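Just below sit the structures, each encoded as structure tokens.
Look for chain A in each of the two complexes below; its partner is chain B in the first and chain C in the second.
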Partner chain A sequence: MKLGVVKAYLKKEFIDLWRSKMIVMVYLIPMMVVILFGYGIRMEVTHSRTVIIDRDNTKMSQEIIRAFSTTKYFDTKVLNITDNEALRLIKQNKADLFIIIPHNFEKNLMHSRNAEIAVYIDGSFPLRATTLEGYVQGVFLNQLEKNGVKVPFKINQRNFFNESMRDENGIIPGLIGLTMLIAPAIIAALLIVKEKEAGTIFNFYSSPVSKIEFLIAKLTPPFILYSFNTFILFLIAVYIFKVPFKGSFLLYFLASEIYIVISIGIGLLVSIITSRQVTALVLTVLITVIPGFLYSGILMPISSMTGESYIEAHMFPVMYYNHLLYDAFLIAQGFNSPKNVEYFFILIFYAAALLFIGSLLLKKELK
Partner chain B sequence: MLEVKNVTVKYKNIVGVRNVSFKADSGEIIGFIGADGAGKSSTMHAIAGVKRFEGEIIFRGQVYHSPKEAEKIKPQLSLMPQGLGLVLYDNLSVKEHFEFFRNIREVKRDIEYEKRLLNMAGLYEFQDRLAGHLSGGMRQKLSLILALLPRPKLLILDEPTTGVDPISRRELWDIVDGFRKKEGIIALISTAYMQEAEKMDKLLLFDEGEVIARGKADELKESIKDYTYEGEIESEDCFSFNNRTYSLKPLNLKKASPLLEGVFFVNALKKGKKNLKIELEEKEAKLSEVVVKAEGLTKKFGSFIADDHVDLELKSGEILGLLGANGAGKTTFMKMLLGLYPIDEGELYLLGKRIKSYEDRLELKSKIGYMSQRFALYEEMSVKENMEYFAKMHDLSPKETKEKIEYFSTLFGFKKYLNDFPKDLPLGINQRFSLSVALLHEPVVLFLDEPTSGVDTIARATFWKFLREIKEKWKISILITTHYMSEAEYCDRVVVLKRGKKIVDDEVKKLHEKFPGLSFEEIFIKYYEGSA
Partner chain C sequence: MKKFLAVFKKEILVFLRNVMLVFILIYAFTFDIYIAGQGIEVKPRNVSIGYVNYSGELLPQKILAHLHAPEFQKPKRFLNEEELKKAIFNKEIMVGIIFDKDFEKNFIRKKEAQLNVIIDSTAAAQAEVSVQYLTQTIYSMIDGKMPVDIKVYKLFNPNSNSKWFMSLSELLSVVTMLSLVLIAVVFVREKEAGTWDIMLLMPVNGALIMFAKVFSQIFIITVGLVMGIGLILFGVFGVPMNGNLLYFFLLTFFFIMAMGGIALVIAAYSNSVLEVSQYTVLVIMPLLFLSGAWTPIHSMAPWLQKLSIISPVKYYIEGAQSIFFRGTEFIDLLPYFAGEIIIGAVLFYLGYRRMGKLF
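Then we have the complex of A and B:
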């Protein structure tokens, strides 16, 4: 390997990244993804527009209404309308759910007769509906207990690791896993395909520059630039989204560096099969966003996947990195957990394999 | 020194070039002559070791059969691929390019040598300018001196002069010529300009993926002198072009000194190809005296002025050639005439009508035929489907459409290709079929943008013959752009643009009277230099 050649190429790449303003993309895109998605994705449902029709009008029903009005989860309105009118409110998207407390509710309850409550939830978004259902049940159980109604059992629930059950704590690390898969891959692919599209690739093809020199020159800039991003994204997570960081920063940093290499490896493979920047961009986004989002465990726990999706999730490197990320942020087991060690080595394997395949497939000739 | 043995280059399903063999000694310039797709670039890519090939190449005792084996000769080689400054990075300055190429080619900095190169290319004062801000000619010259920087022993230049203004072209040649003598290099140079062939030591003539003739320019011309006659005649058994007629059978005409392009004609005749005869019926057309009148047309792109107050008049029944290098403003000008670009300044009259808005153009659309650069055909549709589509756009009835397709495909000789896809056809066929698409709706004026670029000699000759016939019999006025200065010969009048400004506007006849004995290339260089 000739160091002078690599240095010359590197200098050119950095000048080009700077003057073509691609550098903005390098830092802006990951930050934007984390910030926008971080604020945008919410698993918990708050301020759902709730209509309560109180036909009982007793102390108990008043208390229930108060219980609903005092949480952030419901924006409660008490209306005296018919069932059909309430239904219309949901259809017109003026309410998300309505609750009917029937006549004689308190009386039935006190006399241990079957007391029923009607809850109608807009089910167009199943996830929101089931969440709301849980909330509503919770409020009622709580209320009954306070009033001395015997509930045959009691759940003593406590969440570990994300004690406050904040959405951000779960989502932000997942988003870091997503962006760090997409962004370095795009830049790596573009840096190579750009030369193919412009014709400057001939400088590599027809000169004594070796494949290894070219690869180092092309892949080092995205690696260095995105290494800084691991710090930036860490700061965003901890200071803007207040995600606790309980584990080892070293684990976070090392795992992220390896993960960047994986992403760059994907970009390299894309650059080999494409010859236009647009195609390279679309293809990279396509093959990184889907595993980065669906099979990463952000939206759906991997353990609840079955069949094909379970296998697919294990095929993509995202799952392993996210596991380590969650450990670094929330669990803090570090390398004491054999699973973390295993996943760490799986990541190293991915990185090495991608780079190896990429350098084998890269040809110093026209197609 | 360089020996190429039976080299064949294949792409997925087509053969780029078949069985090329030749030898070259140091100090020699080998010229590759031929049209786009004739096999010149394929051969160069094989020799430069950037494309897989069959056969064997030996350079200075090193034998190679593949790009991988060619690695060992790459330190001695420079390739300048086809395209204006293709190897340049737009965001790097001239100086930074030198630094980059010096380092990747691992040459020691030789200040004197670099200064000489920069001076030769006239770039010494522009060292801090970004490559993206250089003109086409300057880009080509920079690419060339960068190729010379590592002092290669084998210099491969793929159409270094295509589309470059005549002065830069001459300078490019001076640089190469000076070099090969001093440094004893082998230079392989392809060109689309026949005049440049004279400057080469040896020529390889490419046609349809094969070398059809080789030798010195004089030898090649000598070889066809028995078939070359003066004047132009119309017959199936001979080709006429450039005031020469080529025929295998003896003709009752005076013999003439042959031109190099004649080799292509004679070769075609030997292969049994027939000249396309074209006879059109006379048509009457009443037209205003002046078909197109542009006064001070100006187009700006940001701070760049593509066309700077250009006046132009296309008279009825005239072929007007709009000439200039790439980037001179020809296409931009034509797009303003067509309303594809808004006009920034100036006035435009089409068929006697002042054009101010889009509505003004609507009723004229049916009178204007347009053929765009690189022909703008639909690649996924067959020739026939393309024609049907364009006929529908012009509201032709199905019956009319059928008749027109039949008529034009017979007339222009592409009937047997009707069911083929444009991308599978030679450029020359696409060119004729695009012309017939432009003629479908019987326009009275034709705008043709670079219709002859990259097309082989015979197709070009045929095309010009068609144009003159269309003009004479159908009274259609034609505005045509080209970067081949020599094609001025076939126009009635020429306008030459240089970086957006008009430098020539005269009748061809008068130009010849003014500069007796000079070729158009030479005449325009005088204007370019401002000495005429």
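Then we have the complex of A and C:
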């Protein structure tokens, strides 16, 4: 390996990145993703549009309506309409649920006859529907307790890691993991495929530049540029979204650096099997976005997975990085936990393996 | 018309020659949707649960017996609180229950007992729903009925089958992504190669060429769409169709036209495929994720909700969900069509002004 060649090649790559305005993208896209999604993605369900049809009009039913309208989960509207009109509102997507308090509700309750309340929820969004179901029942249970119905169990709930139950605390670290997987892979893949499409790759084929030199020159720029992103995204998480950072910054930084190498390795593999930039782009997005979301633990905890998905989760590097990421932000066990150390070495193994396979498959000649 | 068909045919041929792209298209419309539908389960299921029992056996076992599939895994016993906490820290267990020493005693004597629950609340919403499950299960085993019977009906998807929702959402995302990328590239490739000017120099109307190019891509995507709906959505997942499939294809047509408008504007302002890829990523991420495809729009920050009025993806996803699940009548779908057509027309005009003429 000749240092002079590498240096010259590196300089060319940096100038290229600067000129093609790619450098803006390197920083803009991850920042934008984290900020926009941080504000936009909410797993909790709030302000669901609720229609209450009160056919009882008694003190009790008024109390129920008040209980619903005082939480942030429901935006209530009391309407006097038929069931079919209410159904139409849901079909027009103007309401998420409607609650019918029937005639004689209070009377039935007082005489301890069977009092019934019907709740209709738009089920086209399953998560929202189940969550709303729980909220609705919670409101009613509360209301019953207030009216002197004795509850045999009290549940004393303690929250770990995310004590205040803020949605952001879970989502923002997950988003950092996601961008760190997708963005470096795209840039790394495009940097190589660009040359293939333009034909300038022949410079590499025909010149005495060795494979290792070429790889170092191509892959170092994205690595260095994205290393700064670990700091930028950290600042965004902590200062804009106020995510607590309880753990070790060293763990966060080291794990992120290795993860960037993994991402670049994926980009390298993509660049080997594709020859067009569009194909490379679409392929990278396809193979990174889905596992990136799936195994991040935002949508579903890994411990809940079974069968194939459990095995797949352990096959992709996403899970290991996210575990460390959440540890750094919320759990704070650092390198004291054997599990973290194990995952850390697994990440290193992935990075090494991807780079090794990539450099083996890269051909320095025409096919 | 003949000229139109000639350009149309040429674009289809160019597409078919790129074998890798054809392969990706097939993958995106089949396996990708399958994986998303199969793998992503948004509601907590199979929640891992652990417990420590310092109390008598009878009551805790009765409670634990009620925590079962599909909501919960088989509760795992830990010898002491430390062990349980360690498992939670290692993310092996999500919900931990501790039965205190006098749990059973209190229940029998005072008819009131406290149940200690510790929970990994990293994903806040998930944790909350899990606790709700737990509460509901425990309440449901209380003898003697509740004074009020709350009947909850989940319309359109009574069992909350998230495979239906996920596979449809992924299908719509794939359509969104491909329509933007394919159409933008169709134009920029010519620009990059310098053949676009030649096209415009030909005695053919510029608008005609542009429409033919866009239609060719709409055709390609529609073929993929039919494949995805037929094989995966209906075939594998059994997604219901409560509305009219024809409306969905019609809505898709106008939606791809609107996306084509965005693509045209992107193409107009970029000179190479590389630039297009950057702009598309920049445009597509907010479009896709802030349009209610994955998380409900009404829970987002208010300013984002207002912004989503100009997003064609929002109308498409809401419209498509309405057609598939809610079975909305045509007259109530009109706002979605109107949204797509207006956005599409404005963007097409903007793109045409910059791309359609040589001088």
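Heads up, the rule we're going with is that the second predicted complex is superposed on the first by the 355 of 367 C-alpha atoms of A that agree within 3 Å, B and C clash if a C-alpha of one lies under 4 Å from a C-alpha of the other, contacts with A are read in each partner's own complex, and residues count from 1 in each chain.
Methods note: contacts are C-beta pairs under 8 Å (C-beta built on N, C-alpha and C of every residue); 3 or more make two chains touch, one makes a residue touch a chain.
Predicted, not measured: the structure shown is a model, and the values here were computed from it.
Once the two complexes are laid over each other on the shared chain, residue contacts for A:H111 go to neither chain B nor chain C.
More residues of chain A are in touch with C than with the other of chain B and chain C.
Contacts of A:K2 after superposition: chain B is touched, whereas chain C is not reached. With both structures placed on the common chain, the touch criterion links A:S20 to chain B and to chain C.
Once the two complexes are laid over each other on the shared chain, residue contacts for A:K12 go to chain B alone; chain C is not touched. Applying the stated contact rule after C-alpha superposition, one finds that A:T200 touches chain B and leaves chain C untouched. Applying the stated contact rule after C-alpha superposition, one finds that A:S337 touches chain C and leaves chain B untouched. Contacts of A:F37 after superposition on the shared chain: chain C is touched, whereas chain B is not. In the superposition on chain A, A:I290 makes contact with chain C only, while chain B stays out of contact range.
Of the two partner chains placed by the overlay, neither chain B nor chain C lies in contact with A:K59. In the superposition on chain A, the residues of chain A touched by chain B in one structure and by chain C in the other are 20. Residues of chain A touching chain B in their complex: 2, 4-5, 7-9, 11-12, 15-16, 19-20, 198-200, 202-203, 205-209, 363-366. Touching chain A in their complex are the following residues of chain C: 18, 20-21, 24, 27-28, 32, 35-36, 38-48, 73, 88-94, 107, 111-129, 131-136, 138-139, 142, 146-158, 160-162, 164-165, 177-178, 181, 185, 273-275, 277-278, 280-282, 285-286, 289-290, 294-296, 298-301, 304, 318, 321-322, 324-329, 332.
Considering their complex, residues 45, 48-52, 67-68, 71, 74-75, 77-79, 81, 83, 86-92, 96, 99-106, 130 of chain B touch chain A.
Interface of chain A with chain C (complex): residues 20-22, 25, 28-29, 32-33, 36-37, 39-49, 87-88, 90-93, 96, 109, 112, 114-131, 133-138, 140-141, 144, 149-163, 165-167, 169-170, 186, 190, 194, 197, 273-279, 281-283, 285-286, 290, 293-294, 297-306, 309, 312, 323, 326, 330-331, 333, 337, 339.
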